[in-house]
Amino acid sequence: MSAPVEAKDVAALGATMRTKHPTRPDPSVAMGEPLLQVRDLRVAYGGIKALKGIDLEVRRGEVVALIGANGAGKTTTLKSIARLLPVASGTITFAGKNLATMTPEALVGAGVSLAPEGRAIFPNLTVLENLELGAYLHRDATAMRETIEDVTRLFPRLGERMKQEGGTLSGGEQQMLAIGRALMARPTMLLLDEPSLGIAPKLVQQIFAAIRAIAAAGVTILVVEQNTKVALSASHRGYVLRTGEIALSGNAKELLQNPEIQKAYLGG
Amino acid sequence: MRVLDALITGLAQGAMIALIALGYTMVYGVLKLINFAHSEIFMMSAFIGLFLITMLGGTEHPLLAGVGGTLMAMVAAALIGMLVERIAYRPLRNRGKSSLVRVTPLVTALGMSVLLQNLAQLMFTARNRSYPQLLTGSLSLGPLSVGTSRVVILLTAVVVMVVLELIVKRTWFGKAMRALSANEEAARLMGINTSRVISATFALGSSLAALGSVLFCLDQSPVHPSLGLVVGTRAFVAAVLGGIGSITGAMLGGLLIGVLGELLKLTSFSGGTDIPAFLVLIVVLLVRPAGLLGSARAEKV
Amino acid sequence: MAEARTVEPSPSHEPWRARLRDLAVVAVVLVLAFVVDQTLDRVIPDSSVRQLLMLAACNVLVALSLNVINGMAGQFSIGHAGFVAIGAYASAITSSRLHERFGAGDPTFAHSFLVVPTSLLVSALCAGLAGLFVGLPSLRLKGDYLAIVTLGFAEIVRLTIGTAQISADETAGHAWSEVHGLGSFFHAISVSIAGLGGQNGYAGPHEKGVPAYAGPFWILGLTFILGVVAWRLKFSGWGRALRALREDEIAAAAVGVDPTRYKVTSFVISSVGAGIAGGLIAMMRDGNPTVQPESYNFQSSFDAITMVILGGSGSVTGAALGGVFVTFSVKLIELVQGTNAVQSLKRSAEWLDLNALRMIVYAAVLIALMVLRPEGLLGERELTLRTIRGWLRARQERRDRKAEDKP
């Protein structure tokens, strides 16, 4: 899988993935309708305003990239959506539910899974156990077996290392494991925090190919990235964050062509 | 011959110490906190076990009293453990890491320990109470005869440790516990209710301590309120020696402390087992703070 | 940046005027202490009350010294009684030996000027060395682990003294003269330790009791002076560096504060203070002139922790108040326990143990305090006239505001 993955391979792989949750009913949001809506989100770290009113929207079936420089507030946005940070004000709704009052553990049950920044895999548990823990809430044997198969097809390297401890994997492999572990919960929506951070370029290609495949399987994705080019190439739409505010947003292809973005983020 | 005898006694002693040490180690794993109250839970359950065994008929129905009393004492200890966690540790969680509140769990842990010990003093008075002799007689293994109680203790401990290993490795609870001790935030992202897992860990650790305490007292010792201090210290040393946070380490540490303590009795050393235990503790902490089996990990700041 | 600058020890070219003022204060304190010493038995005729007052002062010293390590440095020692014990034994031995040199008899005030400083110097030296010995290797351990080492140290001190026994009528002098190898060296050490009287306690070389040289002059005077020292320490550059270290070790190290050096120094200062306090306690008893290992068990370490935490970790005045409060409550319990009513009640209700009850209440208060107000009653603030005035003013303002809101 070293060569860049062909688009049709990705689509084919995605078509075979099984993503329906064993018990939770499918949210009553049609493809293309808004699934996640963030309105006027404000977050402060002890007096310092990290987010000054963010509005964003992810429609069902979309891949949306949240890009920006270091410290622009990307991870803060994602962490507040994932309920790991307290929200000062603003609303976050997912499929009609208010996320702002949920605990992080309840969020998984609602259908939102996060692959956090820095991977945060369990280093002394085996790869298989890491994956199993992703299915902690539904514990459905069939669904677990199916998703482990799917993850192994997405990331063949993980399949070879099932019995190894998570801590012995390389950074790229750990990122694959983090994404696979999030998929085990059979989420409606996947939040990815800097999946390319500190990973060899070749593996970055693989990981983003997998992200496309997951999207093709019908999972909605919000990805936070510093690697603007890779992220926008894999996305439908994008938001550009600058010092806690949305500076630009729009179609991913148009953003890639935007001279301002090319100058600021693509070294063009 | 005397050495062999001491070895067997030491193994039995060590097995009980290991059962108590497991509680320290498991709680440390999930909370990164030394539960100083654990030894007092051990002492409390020794009293509860004594009352239950007497109530169930004592020597008249040794099997019913022994097994029933032990199991009920384990349940009671689990409840006490969960209560301690609820009162002294849970309110402090998620409080941030400011320097003034960093030592608060230590203070509440110490406070709980002092509270329980004095509560026992008040409720049961300081006098010694003896367990009924349920396990009498001895088995002859080849040339040497071993007390039945020692055999029962060793077998029970081995069975319990195997079951515990299975719980930790195979069950969802065990996996959640290990996930929580590796990375709390990531565990929550898996949907793990960390408060519930912590509570269950306290319950499990405390019930193991109760099992250890009933076996310990059936074998030899009278019960008194400072039992926790005496035996708890040894268990604590065992947990640190094995590498706190490591379950296998706690078992190994317990056996080592038990055997070493018995062998020490053969020498002319008169200072009891506590001074050497504390010395071992300090030396281990200074030379290899992660213990024999613990992995050396840098303290996160 | 301001923090970084204050961390540097400021060059000390204090004007001579300030030095002179300090000297004058010390002199006034000494004169006052002398006056109190000479008149105390007339003002407070009950000797047990006088003893209580002096014990409270000693416990204030215990609390102040523990406050250096637990409050200011943000480390956590739970074995403070170990250092107090070392100080107590050291001064008991020194003072009773000196007392013999003076031909025994009643301790005189004039002799105390030689006996007390010498004994306290030995106490401070021994406790400080022990602090260095414990602190140097263990201060790279953090939080719980350091706590355990200190606990282990205190228990070893107590158990070693308590369990040491001599097989026959052997004297330490004889054993030391026989040293010709490692084995006999250790034997001599154990004989010497056994000479401390084991569980029964140390009562001087001929079991006549430790002479009571430390009168009100010494205890009240030293407590006051050392209290001022603790106060100045907190607000010195050294104290600020220590607090910076407590807040963020890495950041403090980055601006040039050597964490290990500061931690070890604070640990040694803390144990020196504990040693002095222990030394004074050993020399003030008139009723029970022995030093017993059981007085320095875990419970007394816990009492010291209670003193510091009740008042507020890091607050000098808070620790002092805590010391006074704990001493008086312990004494109160003892008095109540001794009354006829309680004694007769105890005959019918065997379980009634007021000391256990006290410990339960303390522990419960500590837990509640940690849950509701983790910084202690005062927090790091100090109780001074200015803060009290500030509180009163704030209260008055609140009342005024309420009064304004009403109409």
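In this document, chain identifiers A, B and C correspond to the written order of the chains, with residue numbering beginning at 1 in each.
Methods note: a residue touches a chain if its C-beta (ideal position, glycine included) is under 8 Å from a C-beta of that chain, and two chains touch if they have at least 3 such contacts.
Please read all numbers here as calculations on a predicted model, not as lab measurements.
**Q** Which chain's mean C-alpha position is the greatest distance from chain A's?
**A** C
**Q** Which chain has its C-alpha centre closest to the mean of all protein C-alpha atoms shown?
**A** Going by the distance between chain centres and the overall C-alpha centre, it is B.
**Q** Take the average of all CA coordinates in chain A, do the same for chain B, and state the distance between these two points in whole angstrom.
**A** Computed value for the inter-centroid distance: 43 Å.
**Q** Using mean CA coordinates as chain centres, what's the chain B-chain C distance in Å?
**A** Spacing between the chain centres: roughly 33 Å.
**Q** So the centre of each chain is just the mean of its C-alpha atoms; given that, what is the distance between chain A and chain C in Å?
**A** Chain centroid spacing, chain A to chain C, equals 57 Å.
**Q** Mark out which residues of chain A touch at least two other chains, giving numbers and ranges.
**A** There are none in chain A.
**Q** Give the list of chain B residues in touch with chain C in this complex.
**A** 33-34, 87-88, 91-92, 95, 99-104, 106-108, 110-112, 114-115, 117-119, 121-126, 229, 233, 236, 240, 270-272, 274-275, 278-279, 281-282, 285-286, 289, 299, 301
**Q** Give the list of chain C residues in touch with chain B in this complex.
**A** Listed in rising order, the residues are 70, 74, 76, 78, 137-138, 141-145, 147-149, 152-153, 155-156, 159-160, 163-165, 246-247, 249-250, 298-299, 302, 305, 309, 313-314, 350-351, 353, 356-357, 359-360, 362-364, 366-367, 370-371, 374-375, 379-380.
**Q** Within the complex, which stretch of chain A touches chain B?
**A** Spelled out, the residues of chain A in touch with chain B are 82, 84, 103-106, 108-109, 113-114, 116, 120-125, 129, 132-134, 136-137, 139, 181-182, 185.
**Q** Within the complex, which stretch of chain B touches chain A?
**A** On the chain B side, the touching residues are 172, 175-176, 178-179, 182-183, 185-194, 295.
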